[in-house]
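By letter and in written order, the chains are A, B, C, D and E; residue numbering begins at 1 in each of them.
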Amino acid sequence: MTLALAVDIGLALLILAMAAWTIAVRDTFASVIGFVTYGLLLTLVWVRLALPDVALTEAAMGGGLTGALLIGAAARLRRTEATVRERPGVFTRTLAAVLSATVTAALSFCVLNLPDPAPTLAPGAAAKLGSTGVGNPVTAVLLAYRSMDTLLEAIVVLIALFGVWSLAHDRFWGGCPQLRTHADSEGILAYFARILPPIGIIVGVYIFWIGADFPGGKFQGATILAAMWLLVIGAGLAHFPPVSQAWLRILLVAGPLVFMAIGFAGIVTAGAVFAYPDGFAKPLILAIEIALMPTLVLALALLVAGAPQRMPPQ
Amino acid sequence: MNGPTLFGLCAAALIGFGLYGLIVNPQPLRKIIGFNIIGSGVFLLFGTIARRGAAAGMGGDPVPQALLITGIVVAFSATALAVALLLRLFDEGGVVTLVSEASPTEAKADPPDA
Amino acid sequence: MKIALDIFTIFSVMAGAFFFLAGTVGLLRFPDPLTRLHALTKADNLGLGLVVLGLLPQTHWPLDTIKLIAIWLFALLAGATVGQLMACTARRGGGQPK
Amino acid sequence: MTMPDFLLSAAAFVLVMVALGLIRILRGPEDVDRMMAAQLFGSGGIAALLLFGVATEAKAVIDVALTLALLAAFASVAFVQGISRPDSDDTQETRDE
Amino acid sequence: MPHSLSAQDVTTPGGLLLVLAILIPFIGMLIGFVFGGGKAMRVALATLAVGLAIVIAIAKALVQSGDAVIYILGGWMPPLGVALRADGLSVVMLLAIAVVICGIGVYARADFGSPSGVKEARAPLTFWLLLLAVWGSLNLVFVSGDLFTLYVALELLTFAAVPLVSLDGRSETVRSALRYLLYALLGSVLYLLGAVLLYGVYGTLDIPLLAMRVRPEPVAWAALALMISGLLAKTALFPLHLWLPPAHAGAPAAASAVLSGLVIKGSWFLAVRLWFDVFAGVVTLPSAQTLGTLGAAAILVGNVVALRQTRLKLLIAYSTVAQIGYLFLMFPLATGLSSAGLDSAVAVNGGMLQAISHAMAKAAMFMAAGLIYTTLGHDRVADLRGMTSTLPMTVLAFALAGASLIGLPPSGGFLAKWLLISAAITTLQWWWALLMLVGGLLTSVYVFIVVVRSLAPAHDGWKPKLPVPRYQQAAVLALALCSFLLGAAVLCPLDVMQIGRTVSRNTLLP
C-alpha cells in the first residue's frame, strides 16, 4: 500500500464520516457547519483526482457561496428548530435505510464493473484543441464543443434568480435585496472588507484570465468576485442595487445575449451556429467569457442575497 | 483497488447517505443539505469517471470535467432557489415544515383574486 | 546551496506541522471557547506561515512565490478577523439555540 | 527520502492533525466551537494542498489553495453575522475590547 | 475546418430552425426582462407569435424531407459535440405545446396585464418571463439529442415551473412550491446519476450513439432504473404524485394550465425518449408492466380522489394525476407489441395523442376554472349555479375538454384510448383495456357533476363578482375545441409521428 493510497483511504473515510454526521446530527446549525467542512474535504478529493478545474469550482462555490447561503438561512431559521423536531416513524426510517442501502449497493456494483480501459473523449478533445485556439481542454469543451450547455447554464442561473426575486413581497418589488449586516463602519469586519476585496478582485480576474490555457475560468473567477461583492455588502460598506435598476438588468442579460449573438454570427462566418471562423476562435471565446463575467458575478451574488426586502431610499 | 475506484465507492455511499437524509429529515433545510450531498456524490462519481478517462496527455477526460462545472453551478442555483422559498415560508408564518396544516386533499385551492 | 535550502524547507515545514498538532490538541483539550480560539489562531497563523515559508525555496520565482505569500497573508487577515468576530460571539454564548 | 516524499508525508500529517480537530465539530458543545474546528480545518487543508501541490509540481493546486485562502473567512463571517441579531446592539461588540 | 465537412453532411435543411425554436423564447425572456413592466407582456406575446411560426416551419421541413430534422451545433460532431434532432414525436410535441402556450398567452393577457399606476408589478413580470422560459426548456427537451443537455433542460424547466406555483405568495402555495422543488431536484439528480453511469460505461451522451452501444447488462439496467424513477418523480406518477395536486391547484389559473398541461409532459417525454430510443434493447416486458401498473394505480386513485373533491381546481389537479396514469400505459403496450415482433407505432401514437390532447384539455379546464372563480368568487363544486347562463362558452369548453379526458368520440382522448385499447387487445393485455374503460367512466362522473351543477339557474339578483373578457373565454374554448377535434388526426394521410423514427438511428453511424 502506497502513501498516496493511504491518504486517499483516509480522505474517503473522513468525507463519509462528515457526511454521515451532517445527516445524522440533531441540530440544524451544526449540520450546516458540517456541510461547509464537507465541501472543503470535497475540494481535497478533487485535487487528489487530478481535476483542478473542478477543485477550483468547488473551492469557490462550496467554501464560499453555498456555505454563506446555508449558514445565513440556518441562522434565520434557528428559532423554528423546536417546532420540527419530530422525526418520521420507525417504518419510514427503515424503508429509507433499505432504499438508500440498495442504491448504494447497486452503485458500488456499477463502480466495480466500470469497463477497463475506460471510454474517454480525451483523445478526440485533444485532436480538435488546435482549432479552438485555447490551451485548456475543459474551456474548449465549455465554450466550443458544448457551448450550448454553457449558454443554457448561464440562463439557468438567471431563471433561478427570477425565481428567487419572484418570492419578494409585492410591496418590495423593485426594491433591493438585503443581507444581515454589521453596520459598523469602524469595526474589524469593515476593515477586513476594505482590505480583502481589492486583492480578491485581482485573484478573481487572474483565475478567470488563465482559464483559457490553464485550470480556471469564468465560473470560478465569477464566484470569487461575487464573494468579494457580498463581503463588501455584508460589512455594510455598500448596498445591493434595486432589482428594477436598468444597468443591473442590462448587465444580467448581456452575457447570454452576446453569447447568442456570437453564436448566430457563426452561421455566416463559419457555417454553423456556435462555430468559430478559423483563426478567430480564441478572441471570440474570450469575448464571450468577458461578456458572461458580469452576468455571472451579479447573478451568483444576488442568488445568495435573496428576494428584494426593502425599498431603495428615495 | 486504486484511487478512482475508491472514490467511486465513496460516491456510492454518499448518494445513499444523502438519500436517507433527504427522506428522513423533516426540516426542509436539512432536506436541502441532503440533496446537496446526493448531488456531490453524483459529481464525485462523474469525477472518478473523468479521472479514469485520463488519456492523450490529459489528467482526466475533459468532457465530464466541463459538465461537472456546469452541474455544480446548477446545483448551487437550485440550492439558492430552495433556500429562498424556505425563507419566504418562514417570513409568512414562522413555521417551517412541509406538512400542511390541512391534509393535502383539503388544502385550499383558491386562485389569487385577479 | 540546494542542500541548505532543502534543510531549511524540512525544518520549517516540520515546525509548521508541529503547530497544526498543537492547534489540534488545543482545540480538543482546552476548556472553553476563548482558549480554544487562542489555540486555533496560533495554528492558523504560525502553522500555515511556517509551511509557506518552508515551501518558498521549492517554488518557481516569481508567480508561485508571490501566490504562496499571498495565501499566507490572506490566512493571516482571515484569522485575525475571524478570531475577533468569533471571540465576541463566544463571549455572548456561542449562539446556542437553548 | 526525497523532497517530494517528505512533503507528501508532511501533507498527510497535517491532514491527520486537522482531521482530528474535527472531533470538535462532533462534540461542540457550542456552534462557535464547531465553526472554529471548520476554520482550523480550512487552514490545515490549505497547508496540505500547498505541500501536495509543490510535491507533485501540480501548479493548479496552488491556485486552488489561493481560492480557499481568499474565501477562508467567508463562511465564518456569514456565521457570525447569522447568529447576531441585526436589531440588537451587538454591532458595537466587534470593537469593544 | 475538417470537422465541419461531416457535420454539414449530417445537418439537414431546416436544422437551424431547431436552434431558433430553443433560443427564441429565451431571447424573448431576456429582452422582456430588460424592458420590464408592461412591455414584458408585449415582448412575450410577440415571441409567442414568432415561436409558433418557427415550430410550424420545423413541421413543414420534417414532412417535406420525410426524415428527422438534425442540426450539429458548432460543427462539432457527437460524441464530442451536441446534436439537435427532431423526429416525428418531437415535432408533434413542439406543435402541440406551441398551440397551448399561445392559448395560455392570450388568456393570461387579462390576468397578468400590467396594472395601471404601477411601473412594474411582480407577478405579471414573473409570469411572462417564466412562461417563455418554460417554453424554451420544453422545446429543448423535445429536440435535444444529448443526455446532459437534457439534464440542463430538466433543471431549466424545474426552475421556471416552481416559482409559477408560488406566484401569489401565500404560505400554502410557497410550501407546495418548496415540496415540488424538492421532488423535482431529487428527480433530476437521479436522472443525472443514470446519465453519468451511461457515460462511464459507453463513453457518450449522444442518444443515437448510445442506442447503438447500450447492451442489456446490469449497469444499463441500473442507469435505466435511476433515470426513469427520477423522471417519474418529476412527472408525478403514482405513488410520487403527492406534490402535484396542491402545487397545481394553488397556482393562478394560467400558471396551473402551464404546470398541469405542459410542464409534466417534459419529463414524461424524456422518459419516452429514453425507453424507446436509448434503451430499446434493454427494456423488458416485466419492467414495462411495472410502469403500467403504477399508471393503472394512478388512474384509479387519481379519479376516485378527484370525485371526492369539493373545490373545482383540486378536482382538476387530481384528474391530472389520473391522466398521467394513461400516459404510462403506453409503455407496457408498446413494449408488448415490439417484443411480439409487431410494430409498436400504434401504442406509441396512442400515448403521444393522449399527451397532446391532455395538454390542450387540461389547460382549457384550468383556465375555465379560473374564469369561473373570477365570476363566482369561489370554486366550490357544490355551488356552480348560474354558470351556464353567465359563461356559456366557458362551460361548453369545460364540457368539451372533459369529453376529451373521458374519451368520447371524436376527441383526441377518444382516438388515443382507442389506439391504446387496440394495442392492448392485439397483445392480449385485455386488463389495461378494461382499466381504461373504468377510468373513463369515473372521469365522466365528475365532469358530469360539474356540468350539471353549472346548469342550475342562478339565484334571483345574483351578479357576477367580476366580468370576464370575451377573448379569455374564446381562448379557453379554442383550446378545448382543439382537444375535442384532435381525433380528426386519424384522417391525416401521413403518420407524422413516426417520421424519422427508425432512420434517425442510422444517420449518425461513425
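Keep in mind that, in the parts below, a residue touches a chain if its C-beta (ideal position, glycine included) is under 8 Å from a C-beta of that chain, and two chains touch if they have at least 3 such contacts.
Since the model is a prediction, treat every value here as computed from it, not as a measurement.
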Path length in steps (a step moves to a chain that is touched) from chain B to chain D: 2
- prompt: Computing the C-alpha centre of each chain, which chain sits at the greatest distance from chain E?
  reply: C
Query: In terms of CA centres, which chain lies closest to the overall middle?
result: B
Task: Between A-B and A-D, flag the pair that has more C-beta pairs in contact.
output: A-B
Message: Suppose each chain is reduced to the average of its Cα coordinates; what separation in Å results between chain A and chain D?
response: 20
Query: Distance-wise, how many Å sit between the C-alpha centres of chain C and chain D, to the nearest whole number?
result: 9
Centre-to-centre distance between chain C and chain A (centres being mean Cα positions), rounded to whole Å: 27
Query: What is the distance, in whole Å, between the centres of chain B and chain E, each centre taken as the mean of its C-alpha atoms?
result: 25
- request: Would you mind listing the residues of chain B that make contact with two or more other chains?
  value: 15, 32, 45, 49, 52-53, 63, 67, 70, 74, 77-78, 81, 85-86, 88
Statement: Residue numbers in chain C touching two or more further chains are 70, 74, 77-78, 81, 84-85, 95
Statement: Going by residue number, chain D touches two or more other chains at 31, 35, 37, 59, 63, 66, 70, 72-73, 77, 79-80, 83-84, 94
Field: In contact (per the touch rule at the top): chain pairs
entry: A-B, A-C, A-D, A-E, B-E, C-D
- prompt: Okay, in this complex, where on chain D does chain C touch?
  reply: 3, 6-7, 10, 13-14, 17-18, 20-21, 23-24, 29-33, 35-37, 39-40, 43-44, 46-47, 50-51, 54, 59, 62-63, 65-66, 69-70, 72-73, 76-77, 79-80, 83-84, 90, 93-94
- line: So, in the complex, the side of chain E touching chain A is made of residues 1, 3-4, 7-8, 11, 16, 19, 23, 26-27, 29-31, 33-34, 36, 71-76, 79-82, 119-123, 126, 129-130, 133, 136, 140, 148-149, 152-153, 155-156, 159-160, 162-163, 166-167, 169, 174, 193, 197, 199-204, 218-219, 222
- line: Per the touch rule above, chain D residues touching chain A in the complex are 5, 8-9, 11-12, 15-16, 19, 22, 25-26, 28, 31, 34-35, 37-38, 41-42, 45, 48-49, 52-53, 58-61, 63-64, 66-68, 70-75, 77-84, 86, 91-92, 94-95
- prompt: Which positions of chain A touch chain E when the two form their complex?
  reply: 106-107, 109-110, 113-115, 118-121, 124-125, 128, 131, 144-149, 152-153, 155-156, 158-160, 162-163, 165-170, 173-174, 244, 246, 249-250, 252-253, 256-257, 260, 266-267, 270-276, 278
- request: Name, in rising order, each residue of chain A that touches chain B in their complex.
  value: 4-5, 8-9, 12, 15-16, 19-20, 22-23, 28, 31-32, 35, 38, 42, 45-46, 48-54, 57-58, 61, 65-66, 69-70, 73-74, 76-77, 79-81, 83-84, 86-88, 92-93, 96-97, 99-101, 103-105, 107-108, 110-112, 114, 118-123, 125-127, 137-142, 145-146, 149-150, 153, 156-157, 160-161, 163-164, 167, 169, 217, 219, 300, 303-304, 306-307
